[in-house]
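So that you can tell them apart, the chains are marked A, B, C and D in the order they are listed, and the count of residues begins at 1 in each.
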Amino acid sequence: MIGLGLPRGFLVTLKNFVRAPVTVQYPDRHVGLFGAAKEAGMNPFRFVVKRPVDSIKAIAGLATVPVALEQSPRFRGNEFTFYEDRCTACASCAKYCPLGIIEIVSVPGKIDAQEGESYKLEVFDIDIGRCMFCGLCVEACPYDALHMGTKFERSTYVRDELIVTLDELNAAEKKPSSFYRPQFEENAFDPYTETVDDHYDAGRHERPSDEDLKKKWVDER
Amino acid sequence: MAIKTQPVTVNLGPQHPSTHGVFRLRVMFDGEEIVDVEPVFGYLHRGSEKLAEERTYTQIVTLTDRMDYVSPMLNNQAYMLAVEKLAGIEPTQRGVWLRMIAAELQRIASHLVATGFLLQDLGALGTPLIYAMRERENILDLFEMLCGARITNSYLRPGGVFMDAPTGFWLALDRELVDIVNTLDELEEYLSGNEIVFSRTKGTAVLAPELLINASITGPMLRASGVDWDLRHRNPYDYYDRIEFKRILHTASDNYARYWVRVQEARESVNIIRQCVAQIEPGPVRPSFDDVPRLIRPPKGDAYVAIEGSKGELGFYLVSDGGIAPYRMHVRAPSLINLTLLRDMLIGGLFGDLFVSFGSVDLNMGEVDR
Amino acid sequence: MDPAFLDNSLWRNIYCNLAGDSAGCAAREYSAGMLPTGMEWLAFALAAAAIIGLFVNGVLGGVIVLIWGERRLFGRFQTRTGPNRWGPFGLLTPVADAIKTMFKEDVVPKDADRILFNLAPVMIAAPALLVFSVIPFGVGTYVADLNVGVLFIMAVTSLTTLAVLTAAWSSGNRIAILSAFRSVALLISYEIPMALALVGVIMLAGSMSLGQIIGAQSIPFILVQPLAVFVFFIAAMAEMARAPFDLTEAESELAAGYLNDYASMKFGIFFLAEFMAEISTSAIITVLFLSGWRGWEPVPSHLWFGAKLILVLFVIIWFRMTLPRLRIDQVLKLAWKGLFELTLINIIVTAVLIAIWPEPTTTRLWIMAAVNWPVAIISIWAVSKLLGTSGYDDTEPDSDAPVYPVATEQIPGSAVHISGVTGPDTQARISSPANSHIEQGGN
Amino acid sequence: MMEVSTLTNVAFWGASTMTLGFALIVVTQRDVFRAAIALAGSFLGVGILYFVLSAEFVGVVQILVYVGAISVLMAFAVMFIQDVTAGSRPVQGRLVGATMGALILAAVAFTAVNTEWSTMDDITDPIAVAALTEGYVEIGTGDDTTVAITAPAETTELVIENGGVLVDSTGAVGVLLVREYVLAFEIIGLLLVAALIGGLLLMRNPGPGSEAAAEAKEDADAETVGSEASV
């Protein structure tokens, strides 16, 4: 059973043995002395002199530095970014959701100076516990009010906490994913460093012209 | 010399580490030799075909992701071709090229998984599997760039794909293609000449081509027996007729041939992707909503489209009654049909070869049970 | 219980220090012991307690480090990092594992034979620990230099199979029984080449005492006995049931085999015994073939031993990480048709060499090495030919091989694509009568 | 009369109890597999007894062969028994068996009591006395390994150098086996081979023309496999 194949296999595994590991450590990664010094922004000697305790920890393998995950801006994640100002309560998202987990209750309400009459949201609940993040709701939203988020940590001990309500959506940090929102990609928007708090800055997918709006809301009434 | 023995029946699964999902095999052993095999499946049945009757044509894409969860892009492609045929939608050029690139990347990923798990079944303690999965991760990163998800892609829409590739994608793809070839080289260096892999897989679970054809086995399993049957060549869908590619054939029809065909096909897929990248042109990736609305209502009728999936002929049969949801959907799942020769493969073999032969079918329980 | 076994050993030193100038220690000039005369039994008990405590804890500590090291090395071979979260460099991971294992529910299957089921972990742990009693870890660091040390190791390691058999049978589980059958087959097959491989070493050293074998290695026997090393290494891997011979556990076939029904610390003991076997095997290889604790002077002998031990462990782990598992018939074939012959060749060649040059000195050992290496290479090559490896290089199919005939043309009217670009535009895919209902469809 | 050390006594009685206790389990235990394991324990006790008697070579071989191999094979063979846990049914004519057993026990006891065992005082060989009374001189080799003096392999007579004492019986056993009792040794080997072949023959399938029948059966199996192509 001895041939050249086995030794070649051993060489391949040995070659991989000396390779740098591909593991991505999360949420932080262990570093040695050099890594800790680099993180602190000084050379190792200076680091040992300046911060002896930290350097001992680093040598003992206990020092960690946080890791920023490399994710695509299109990542369809948690924490939907929702701009209530833009929502007309048309419930397209609820209709397009394959699982029917978006619950919308609306009342006829406010009048937007620009866009005219709209509906006020009473309830806008997304049951994230059942959500599969397909993004069809975001794709369906004609006014770009709903965006996918970029986070992925939302573990709780109680299922009810997985229902995201309107208040939570409004309060959440607005880091919209560029999934189905090409305007973010055109502006080279990075959802991992920037936030878009104002719905005007979030850009419009297909914004009707002023004439159209006037025709629709004033002339034809 | 025959020694008086008594066969013993052992239940392998449904919670067995090597059954590639939840699958149960009632095996009768005589010593180490397999006397009888009875496959029991259905543990992962989720009723996807029934669920499809309650969903719009676009929503069903999310269901197809979950059928063969190691090659969702190919499922998407097969399903969308069926929808386009049913509704008479003409896809956009760029959309077709993009989904071909995605499908071929998915084929590589799927073949890598198959190879890795075959070696896992052979008893290599994870090393080849991790080398293969490492490369698959990079492919999934590309998918994340394309559509924001790694496995539950739902990338395709009627008439194309939902979004054009981001600008960084093409550079990453170029790099990844080089990496894939390197990984395949490494895997072949490691395994293709390995005496233990040889002695374990050569001449085991040999199936005659006639038997395979009669049982309507397709895919790498069929091509490993020397039957030149590749739907990309026989029945070109999308733009495969504009692509020059080699059909990989092996004549031995044993476990080794199946492994070899998969690895070589992954190499060939790299070629296909290179040609796709060379031919792709700018343009819209899906028809405008005037041509193809979000909610399509195909005319009454039915359509069947099959593509060359990573595991064999993957077909979707759709019947429309003119509504927003299909009246009936049926999937020709290659994993299920390739499993039908399990008894022929296993009976008379040894226990050690059981899961190797089983793994060489490259089946996926999500697809078998749907 | 002849005290002569215990000469100069750790055991003897402790005992004589305690008991003083008593019967067993006459020649050792321990004029006064710590205990008064007549308290030999207490000295015996104390020394025994000390030795047992030292060795059991030392071995368990070694196992913990080995588990950590093995997992780290696994990680590196698979381009991962391995466990590194818990404690410095992940060193506390095995401790955490042990705590977790202890607090698991201790399940005994309904059909199990309770007594034997509980006895099996003890049966496997005892011999695994017993092996260490004869291994010299350094100058004067051993419990007993048994004059049949090599044979003792063989005897004690063979006990593990009985434990495996007991565990498998008492579980009342068919998969476990299959694993036990394999275990017995492996034992019977590999005990023989393993023992025969050692004959060459015993002949060269002229003794079965591990101390004397180390003493005889003016050059490491790995250079003098390449065939013996080759066979012993493979046989030892098989005896330990490590990959590529892990047929008894074979997680992809038997799903841990005889360990199937064990939970909690009973499983933990099996697990520990497995790693103890790995350490003891490496130690035996170190002693028999790598000249044990011998090395250049200023470095202490224990360090030499440790370094060689770690080297052997690395090679074992490397093997385990690289090779797929062999099938049972191939494993047995390898033992009977391959290794057995190799050991016989080795014995004959060594016997002839010793007959020519009795009482081997360093120079003579070098000459023997020069003879043995070509013999080893040629015989391994010849035996691999006998085992039938021809054709192992034709990975690609013959290009002239007949391919199953299918139509070379495309199926007429086959294109499903409607864009008009892909050629003939028809709705139906296959126009056979059986599939005619499909033609109704499309648009 | 030499004084046997307390430790030796403890070891002897411990090992004897172990041997007899396990032997008792062997004959009383219904479960055949448990009996086989107990037998292994009994063998182990005998092995320890050999160690106590300074016959460590025999002791190790006892463990290697009897505990490590024969017990394993017995336990293995037990698995082929139809109903292991029930064991064998009580034999007819228990009375006869009991009588026979009692008679044999009586004979053994009678012999043991009536034999004139040689005592320590009867031993005149000074070396043996030295060994037994632990009054020997140890010889170190100068290295840290202290070696007890052994006999040169060429002679069957035990030569003691420097007034030391023979501890290693391995060489002596080997010399005896391949010099004086070589014929007996070979005959036993032959006997074992014969037993092996006999065992294989007994295990054979006793069907009519077994090999041809087996082949025909295999062919038939292959045909059925071919015909039912799918499940």
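Here, a contact is a pair of C-beta atoms (placed from the backbone, for glycine too) under 8 Å apart; a residue touches a chain by one contact, two chains touch by 3 or more.
Remember, predicted model here, so these are calculated numbers, not experimental data.
Ranked by separation of Cα centres from subunit A, the top chain is D. Contact tally for C-D versus A-B: the pair with more C-beta pairs in contact is C-D. Each chain gets one centre point, the mean of its Cα atoms, and the points for subunit C and subunit D are 27 Å apart.
Between subunit B and subunit D the centroid-to-centroid distance comes to 60 Å (mean Cα coordinates, whole Å). Separating the CA-averaged centres of subunit A and subunit D is a span of 73 Å. Look at where the CA atoms of subunit A average out and do the same for subunit B: the two points lie 30 Å apart.
Among the residues of subunit A, those touching two or more other chains are numbered 1-6, 9, 12-13, 16, 22. Looking at subunit B, one finds that residues 127, 131, 134, 192-199 touch two or more other chains.
Contact of a single residue of subunit C with at least two other chains is seen at positions 77-80, 177, 181, 321-323, 330, 389, 392-393.
Those residues of subunit B lying in contact with subunit C across their complex are 8-10, 12, 16-18, 29, 31-32, 81, 84-91, 96, 119-128, 130-131, 134, 188, 192-200, 209, 213, 225-229, 233-239, 241, 249-252, 257, 260, 298-299, 301-306, 317, 319, 350-355. Touching subunit A in their complex are the following residues of subunit B: 55-56, 58-59, 61-63, 127, 131, 134, 137, 141, 144-149, 152, 154, 162-164, 166-167, 186, 189-199, 294. If you check the complex, the residues on subunit C that touch subunit A are 73, 75-81, 84-85, 88-90, 318, 321-323, 330, 334, 338, 380-381, 384, 387, 389, 392-393.
Interface residues of subunit A facing subunit C in the complex, by the touch rule stated above, are 1-6, 9-10, 12-14, 16-17, 19-23, 25, 30, 60-62. Of all residues in subunit C, those touching subunit D in their complex are 1-5, 7-8, 23-24, 26-27, 40-41, 44, 113, 115-116, 119, 139-140, 145-148, 151-152, 154-156, 158-159, 161-162, 165-166, 169, 177, 180-181, 184, 187-188, 191, 208-209, 211-212, 214-215.
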